[in-house]
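Going by the order they are written in, the chains are A, B, C and D; count residues from 1 in each one.
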């Protein structure tokens, strides 16, 4: 029992964070061109293959090594769908057509996940194929057989399409169990990105509060501003271990337990991000309401991620079914598996 | 259309407030003796008969004249059940046995109301009779036929008894409509008392914050304290007109509209009082947690009144039935009757 | 006994507004007034309103109004928002500068400025803030120095709402260059096409230029455009800010209309909503109703000669936090569609647009932090440290 | 990969605690430890615990502990609260002074004080606050002046929890009468029956004497009762306050047990609950779980040589606001019964007692306002003004 990240996981995440901080500064978000220009480097650094076996060119690591990378991607508001591909598509392909994983890891093939809870797909126009969760099976759909309808997101860095296809038997690649896994992975890793976004928004607002002067002093000296930001920080601090546990649980727990853990993670991260975004804009004042500062990119990404892969209402029903209807007890045996 | 109190109502309330402030200082709450010692004066001042006709020795006024008196009674945390008797029992007796009203107005007879939403009666051991709302009729029950079981309230100035009786046909004094009226009056006037309690708690905490020094200044100078109290004040300011409208509505509106207005009033007053009590104790620090200051009497009264005559859950169901299920539109015609 | 019944005259007035709006409100929504096309559509709508003599119903007839009382104004607003009529592009003029002119303007100024304001012929921007003076207006540094019968303005304003497309602007300037803080400021009115004025639009959350920076390079404004006394601008601005937080700017009807839409949305989505959403929807309904009740009370008091005091700060906190809660709740009912904007996402877009707009509520017209300070200090009497 | 499985030793330890508690926890609840009878019942329970060697499991065996690690401590707590065992009347000693003695005490002091503390033979009160020094401990004025081999104490403490019935007390005193603020303070231990000590109990919300004022009139305490260096009391007190906000005082198991009771209450009352109550119940469940996860993480870090920093302030805010929300929600499910206490109102009384207790949470151990300042300044680096 040691609920900490391994030094290897921390080192890997540090590396990813340094790369992302350098390669995806806020300026990059302001341009709508080259939204996928980092793909070659993300692949070259092995980030697409963290969860893929070494035999497929991956690092052969576990989810508790990728969750910090997902958080780092959220923290810089990365436009590339690194997290969806590396943390949802790679495991899905590994479970169905393991020979195809190498292509995904190298970045040669792009097969984003599509799910009723995440029906709009970023950069779907650049995909070779889609992994689509149907009502009771998983489907692999080449892009030629998918219908894309462009839709517009409030997040200018999400180039969204509604993806639909006739889910015929010949496209079936796995059972309903894999769809459930996809949903759990989607919720957990979206939550991880929301942690990063929350962290970034608190940091931006804190930096602004240190600089901006009103009434003859930095506004960060006013207790009202301090307390807003401290409250956001508390929400972040207590969402983090919940998300990390959900990620660690992906490798070891039953799907039923994973669902509860992922639901808790998504709810906690949603709440932290929504709260931090409202605090961050309030601290920024009118400035936060504009394109003059970069906060709005992070807020808009957070609003988008809050609703996909299950919003709070959806996940709250999962917790309700487990706890109120199902009698899942709190405490040892629920916190961690084997008590 | 003039949504203000008449000068007469304001003058009457001013008089009542002066009397109550003088006659019921906080010191009186500290003694458990003589909890009903003000009865003769309350009767002599005519406060028991504000809503009774002049022919019965009353003032013949309307509810918008009594609601401010109820608020003033809440503000001093009055132990005597003035509000229940003058605003619930008097109208109930007036509607059933008008000849008996004079006795109530003079304070010769004490007939408290009993309702499934308010089953515990303060000073029931001093009552001559009870007005009991049954499942589908109103009953007049002499104290000799009632069974009293003492129960203990957290509020040391509520000398509570559970009141039960065999509701036989010979005791029936009115129909179900009068029970509904009783519930609406109970909710509205309990809300009015909660306004007064809220006001008192904000005032106590404000006074304390001006005096108490920490870190070399009055704690009321710290923005965190200021903002807590300001938020409580906002809740109070926006609960007030809702309660006043509910009271005014008692004289003119259909029972269905009264129910929605009373529900809204009770929910708003519950919320203001709960919020103010938590703010007030936080501002007082450890001192508020003790019998060293008088805050606790007001908090405990507020906790008690929050739950009787319908708690927030109960009234929220009434609003839900009207608005979500019943399609009651917001706006003109709902705010005030005739649009 | 309180008189809570509308008079026959009120009912007739309501019927008149309702009928006129039913006949004239555009059938499909206008574009946002923060883009040029939408601005022009909204200006056109103001002219349609004027054709029905609805520009600003409470103003005297000589200034383009109908001279109705505040209860009738509330009735007008209820019917206006009930008809889903467009937002008022003229609001800086009719709600803020207009009342200020009534109080402080010369007869000539009133006659010159009020009628075209009510008619939508002159749309006003406001010029309060400067880069170093947001909530803290005492930090204003832009100078307007008397030179003969003109003021010569140099400096910069920011967060000027409507400025990208408006005709005129009112603002606070330092007329005494030696003065500090609240002293030596004056309120001056100027056309936005004056020589030496440069306008740089600022993109707001939705990408539209909701505000602008205004740069002044030796802009000459005739002295008759001074509003009130020279050097007394702070008092005048405080009066205007009072109007901003007071009765007019955010009439309850607006929030009641949003609460009504929220109830309708909830009815459609209740199968997938979490239980708390129902309570939030009902709270929105109740709070919008409470705000209306409070406003009727304030209107009644003003009609009887009363004034709005520091409770204006309570109003501003209440409606801005209600508006944000209401739109946050609406968004929470939309699931994965909540992030969509543009064509084909009208319902969703309306909640998202409304949410973004609501985020400005706790910031502008004095942040809610400032309002809470005001309540604590002026209503409760807590010490200023 | 993270190792999130309990070891066989952990499982065996858990089974041992569970069995022992099942056999020994009193079948009916004790009276509150804030009254004399209840205090004695709780002291007796400490002695029963001692008979099973459960006084303070993490302490070394020589001081009455079992020398187990922090994961085992968490397991102990889970089983302790899972068995609904009594509150720890010894908590000032075992959770606050104990760890401080381990860090700053002499070998003699440890040997003298720790074993009777773990055994419940000596129950400790604390003496931080003074009438003019609550959250602001630098305002301490009570003096302890060296006189030969004694300190002579004069002055007054207040809010001393457990003092009405406890045996010993630790507190912060000004040993340098010329000093100001944080300097010149020392931590001193003294028996509450010392000559010159007068104890005035203070009635708390529920009417019981939860605290006391302590008056000192030339109280002589031997110098060997000085903890740490003279004049370094502030640092020692900060360390103690860190323990207070840190891992031990409020173990997650306590809140998990309350969340479990809340779910059970909700199941009984759900027909009359408002919808939002369900979401609050689930939030309580999730937050108690989140607090447990956070504590397991902190325990893992400490076991690997880490320390608790300013995140202790996040903990304190989180558990205290969770506790209040949880009990407020419980009360809201009880309807008109919520105000009842005493016999025949056990379920209701428990929620009301818990609510009252929870109201102290955001106040003691440094108010939540102070904790938010600490987070803003030390975690986020915002300026101290």
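Note that in this section a contact is a pair of C-beta atoms (placed from the backbone, for glycine too) under 8 Å apart; a residue touches a chain by one contact, two chains touch by 3 or more.
Remember, it's a predicted structure, so these values are computed and weren't measured experimentally.
S.K.: Could you tell me which pair, A-D or A-C, is linked by more C-beta pairs in contact?
M.R.: A-D
S.K.: By mean C-alpha position, what chain is farthest away from chain A?
M.R.: It is B whose centre lies farthest from that of chain A.
S.K.: How many angstrom lie between the centres of chain C and chain D, each centre taken as the mean Cα position?
M.R.: Here chain C and chain D have centroids separated by 52 Å.
S.K.: Just how far, in Å, is the C-alpha centre of chain D from the one of chain A?
M.R.: Roughly 39 Å, centre to centre.
S.K.: Considering chain B alone, which of its residues make contact with at least two other chains?
M.R.: 222-225, 227, 316 - these are the residues of chain B that touch more than one other chain.
S.K.: Taking each residue of chain C in turn, which ones touch at least two of the other chains?
M.R.: Only 274, 278-279, 369, 372 qualify.
S.K.: Does the chain-touch network form a line, ring, star, complete graph or other?
M.R.: complete
S.K.: What does chain B use to touch chain A in their complex?
M.R.: 222-224, 227
S.K.: Mind listing the chain D positions that touch chain C in their complex?
M.R.: 274-276, 278-280
S.K.: Help me check something: in the complex, which residues belonging to chain B touch chain D?
M.R.: It comes out as residues 117-120, 151-156, 158, 160, 213-215, 222, 224-225, 274, 278, 281-282, 285-286, 288-292, 296, 299-300, 303-304, 306-308, 311-314, 316-317.
S.K.: If we count contacts the way the header does, which residues on chain C are in touch with chain A in the complex?
M.R.: Touch residues, chain C against chain A: 129, 132, 134-136, 139, 158-159, 202-205, 207, 210-211, 272-274, 277, 324, 328, 331-345, 352, 359-360, 362-364, 367-369, 372.
S.K.: Please name which positions on chain B make contact with chain C in the complex.
M.R.: 1-6, 62, 64-65, 202, 206, 209-210, 217-218, 220-223, 225-227, 229-231, 233-234, 237-242, 244-245, 248-249, 251-252, 264, 267-268, 316, 319-320, 323-324, 329-332, 334-339
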